[in-house]
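After this come two complexes, each holding subunit A, first together with subunit B and then together with subunit C.
For the complex of A and B:
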């Protein structure tokens, strides 16, 4: 009897969704594994085994790409958590312009990333940009934000955090709002200060929100592309190249097999980092 | 009340649909009567001449030419390759000749023009650059050009400088300019393709000293890092950077800003292609006669010459609907009539590659400077026109060495390693 109830609907109902999933998700993914083993010009292909992977790992800028990708992902992720949480706590406190401030923090998110990149490109111009013009009026010499090898990547990271911190803040606000008021009242009766409030209630109980932000920001950072491409195109030279921009450059030079191999490697790398982090974070979560 | 509003909205909606579809069907009718060819061009090319020829063709045959713009460099190539692969290509395609062409798979995509009678009038040096597997695929879209140094003659005169014929003189001139408080050598590395000019323009000297370099380079036998004549260019980048001859913001300066600096005299020498004269003429017509040209010098005694860029080409899409019309268009473009219209409206960047077409009398003075090198036979084609192998990351590598991030030897070695990808993709023997 119970068995029959499980088959209340025919499996045929799954067909449309399954078909869409197969054609638009599964098939391209599987074919990309195949084409990564070929020399391919979009119309003809020759099977060459693992040669593409070999060549991809020989790429000169690859070590820079890996290093930059990690720095980028972990730094943007960490900064978004820290600033996001600080902003969320501030914006949950009873200040008068709270709603207005929340909107302001979220605004940068509504602008297209490419537009943000182009805007900051001119703001950060070494001689005519607003930022350096301002620094010059203070009698100091502003650096070449995007041209200096040492700080180019950091400049992009700063812009990414400015743009992305709004989403983190909103998630944190939701997390903090869902903490029942009784905990705070109990703490007040026990005579705890505002620091205790944060350390012993807000922080541990917004753990699910923190985990979501970490996962989202980390994956976003690992496969980021648009901001770097619109600001420096991986330059000067190869200084701000990420894995994704290396792959894109290979693609636009017409090395389709090689760049597909790069994408397979990027996919494996993102999964290899994201899954363990996700598992680890979930195991630490506590129930409200 | 609510219902009335809904009905009203519905009526408005239906009304607009009816109007829109009516519009569409009348558009379709128009297209049937009006024959249209499409031409895809990158957005950095001066279009004046091409449009003039297309207009003349329309007057003659009634066929309109619609110009579609695409971004330049890697992004544009990307778009081209995708459109070719999906069969959504324009009838006529403006694109580079030489090393970048084989990657577009011309035999599959473009019309073979080998047997056209007008090919007899076109110079063999050009035809070689659009030939793949023995078939000719393109017609020259403009005049040829050269790579070297564009310089501001007015400032040269003010400072009492002479056109340098050796690298040391060039450096000495630059020192004088720098002392005078101006930018000696303009760098525009924000548009990173411009950074390659010093490397590419130096090829005249490589070819004079090692005549079979290109051939051996294609076969994986000659390398930039092991051939001293070829390596020399990378040292030139280093010297310019170390002596601080470039504008301070050369990493944030674009090609357009560089031209403005050159025209105004704030910047005095600019390693560039002579095709910049077309843009200078469009934007700074009053200063055009202040700008001159000299070949990038080298310290090899007795050697001084310019590296030549053969014209970019127009290719005809094989799988389009208007192939016959496109062939008619191409024939008109390279006919004496078409070329006369072209050379009248578009200033030449150098000599034409079609027989019997002379430079008009109002050609910019800088181009006449260049003609001396042709008259005295002191020219060689750029490497990209005599080998299909070019490092895809060449712009980034040149930016690195030009801004002091990497040493000349490292940059050359990187260049060599980078070419391997291209050679393997083309499946060349020896790699």
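For the complex of A and C:
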């Protein structure tokens, strides 16, 4: 019977997806390991060993992207988990405007990142922007959000969280809604307060949702390009350059080997973080 | 449990914060898209002296021989074709990979995971497209968008297939349905909820995509809507009013989709993300 059934689930059904995936994704990804070891102009290549990688880590303007990408991914991920969870708990409480608010929180996700970047560029203008105009009316001096080397990266992170927290919230809401009501009733009989509700029921039982958010936010953060590009183009100096923006800069200057080396570094970095985190989180999941 | 007044305060605070955090930027865009160049460059939230939204829209559409209109056409075509490819190939792949468990299963699962995690290799992809002579074509753009969204869609289909009882397959097989009929006549119609989710989520993502068109679809005639925004930003740095008008008009299609499929997006997001 099993054999006969397998005949009806032919692997030929995997062929269309498999072919497209292999040609347009896997093949370039694998060949990037070779091309990262070359000086390359798309038609000819010279094998130069690890020179591109040495260059990447020796030049400050390139290696800063490595550090920034780390900061960016972990901060956006952490903030999205914290704010997303807080918003989800709030939006699962019996408030009348619940559906409206859920829609509003999710809405920035529908706007393209470039559009969001352009809008915040203007809102964060050092002298004319609304944010600093408001701070000035309080009698304070607002910083140059995107021009100050110390806070430019943080400003972009804040906008990323603003845009992306809706997805986290929606996933958390789904997680919280799937917790059976009996658990809360039992707690109430035992005399637990709202803090107990959160710490002993909501938090542990929305574990699968938390895992999904962490993974999605981490991968997204490590690979971000468009927000940084539309807000600062890596500036001031190279202080907001991420690996992805460096890959683009090297590409558009014609350093294809170097750009591909950046890609390989990103590849290794994302895999080294995402695969273990994925394994670890999934091994600890609690069944409802 | 909580007193009424306390609840009211928490509700009002929530609405107020949402209005400030999410309402102001949105209002700001519409407001500045309705101003003239001078007023928009002041970047404030004062109402426009003269309401110029429609003038600005026609100016944006006329810019550079109607590049924005071409871009809309390109973006729509890329989105529609990619989604057709995604629905067909991923529903089949999701179905078979859920139903079969054998030695190949871990390999397939790993490929799906790899597709979710690994960043696409950019220059090698360009090199490949050039070798195949399809660089800068609509076809290659569609294939790339499909290839990059494939893992997520397959995962959604796979998750949903698990909820369809195998007895249905068996009944169809007993009645003499072959593999193709089993899938296209019996299973595929049952996958409708996931198909709807894939349509909504992927079309927003692909329509809003900036990175892939930037690399793989360059050149004047090939513009997509996100690239026009990018060009407005570089070329007309003082024309904030046109920039915001462009922001506004290219945000309309996803917004319309959102209004119609609001619930679907949220349901689909959560189903896919949690089971994934």
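Some points to look at:
One rule holds for everything that comes next: the second predicted complex is superposed on the first by the 268 of 288 C-alpha atoms of A that agree within 3 Å, B and C clash if a C-alpha of one lies under 4 Å from a C-alpha of the other, contacts with A are read in each partner's own complex, and residues count from 1 in each chain.
Operating definition for what follows: a contact is a pair of C-beta atoms (placed from the backbone, for glycine too) under 8 Å apart; a residue touches a chain by one contact, two chains touch by 3 or more.
Keep in mind that what you see is a predicted model, and the values were worked out from it rather than measured.
Subunit A has more of its residues touched by C than by the other of subunit B and subunit C.
When the shared chain is aligned, subunit C comes close enough to touch A:230, but subunit B does not. Of the two partner chains placed by the overlay, subunit B and subunit C both lie in contact with A:251. When the two complexes are overlaid on their common chain A, residue A:41 makes contact with subunit B while staying clear of subunit C. Legend: residue contacts after superposition of the two complexes on their common chain; A:58 is shown touching subunit B, with no touch to subunit C. Of the two partner chains placed by the overlay, subunit B and subunit C both lie in contact with A:125. Once the two complexes are overlaid on the shared chain, A:216 sits against subunit C while remaining clear of subunit B.
Contacts of A:239 after superposition: subunit B is touched, whereas subunit C is not reached.
Touched by subunit B in one complex and by subunit C in the other are residues 42, 125, 128, 251 of subunit A. For subunit B in complex with subunit A, the residues that touch the partner chain are 74-75, 77-78, 81-82, 84-85, 103, 105, 108, 189, 192, 248-249, 251-252, 392-393, 396-397, 399-400, 403, 405-406, 414, 417-418, 420-422, 424-425, 427. On subunit C, the positions that touch subunit A within their shared complex are 7, 10-11, 14-15, 18, 21-26, 28-29, 32, 41-45, 85, 88-90, 92-93, 95-97, 99-100, 102, 104, 108, 111, 113-128, 130, 140, 143-144, 146-148, 150-151, 154, 169-170, 173, 178-179, 182-183, 204, 207-208, 210-211, 214-215, 225-226, 229-230, 233, 240, 243-244, 247, 250-251, 254-255, 257-258, 262, 265-266, 269-271, 273-274, 276. By the touch criterion given at the top, residues 39, 41-43, 46, 51, 55, 58, 60-61, 125-128, 144, 146-147, 149, 233-239, 249-255, 258 of subunit A touch subunit B in their complex. Note for the complex: subunit A touches subunit C at residues 4-11, 13-14, 16-18, 20-21, 23-29, 31-32, 35, 40, 42, 90, 93-97, 101-115, 118-120, 122-123, 125, 128-130, 133, 162, 167, 170-171, 173-175, 178, 208-209, 212-213, 216, 219, 222-223, 225-226, 230, 244, 247-248, 251, 256, 259-260, 263-264, 266-267, 270-271, 274-275, 278.
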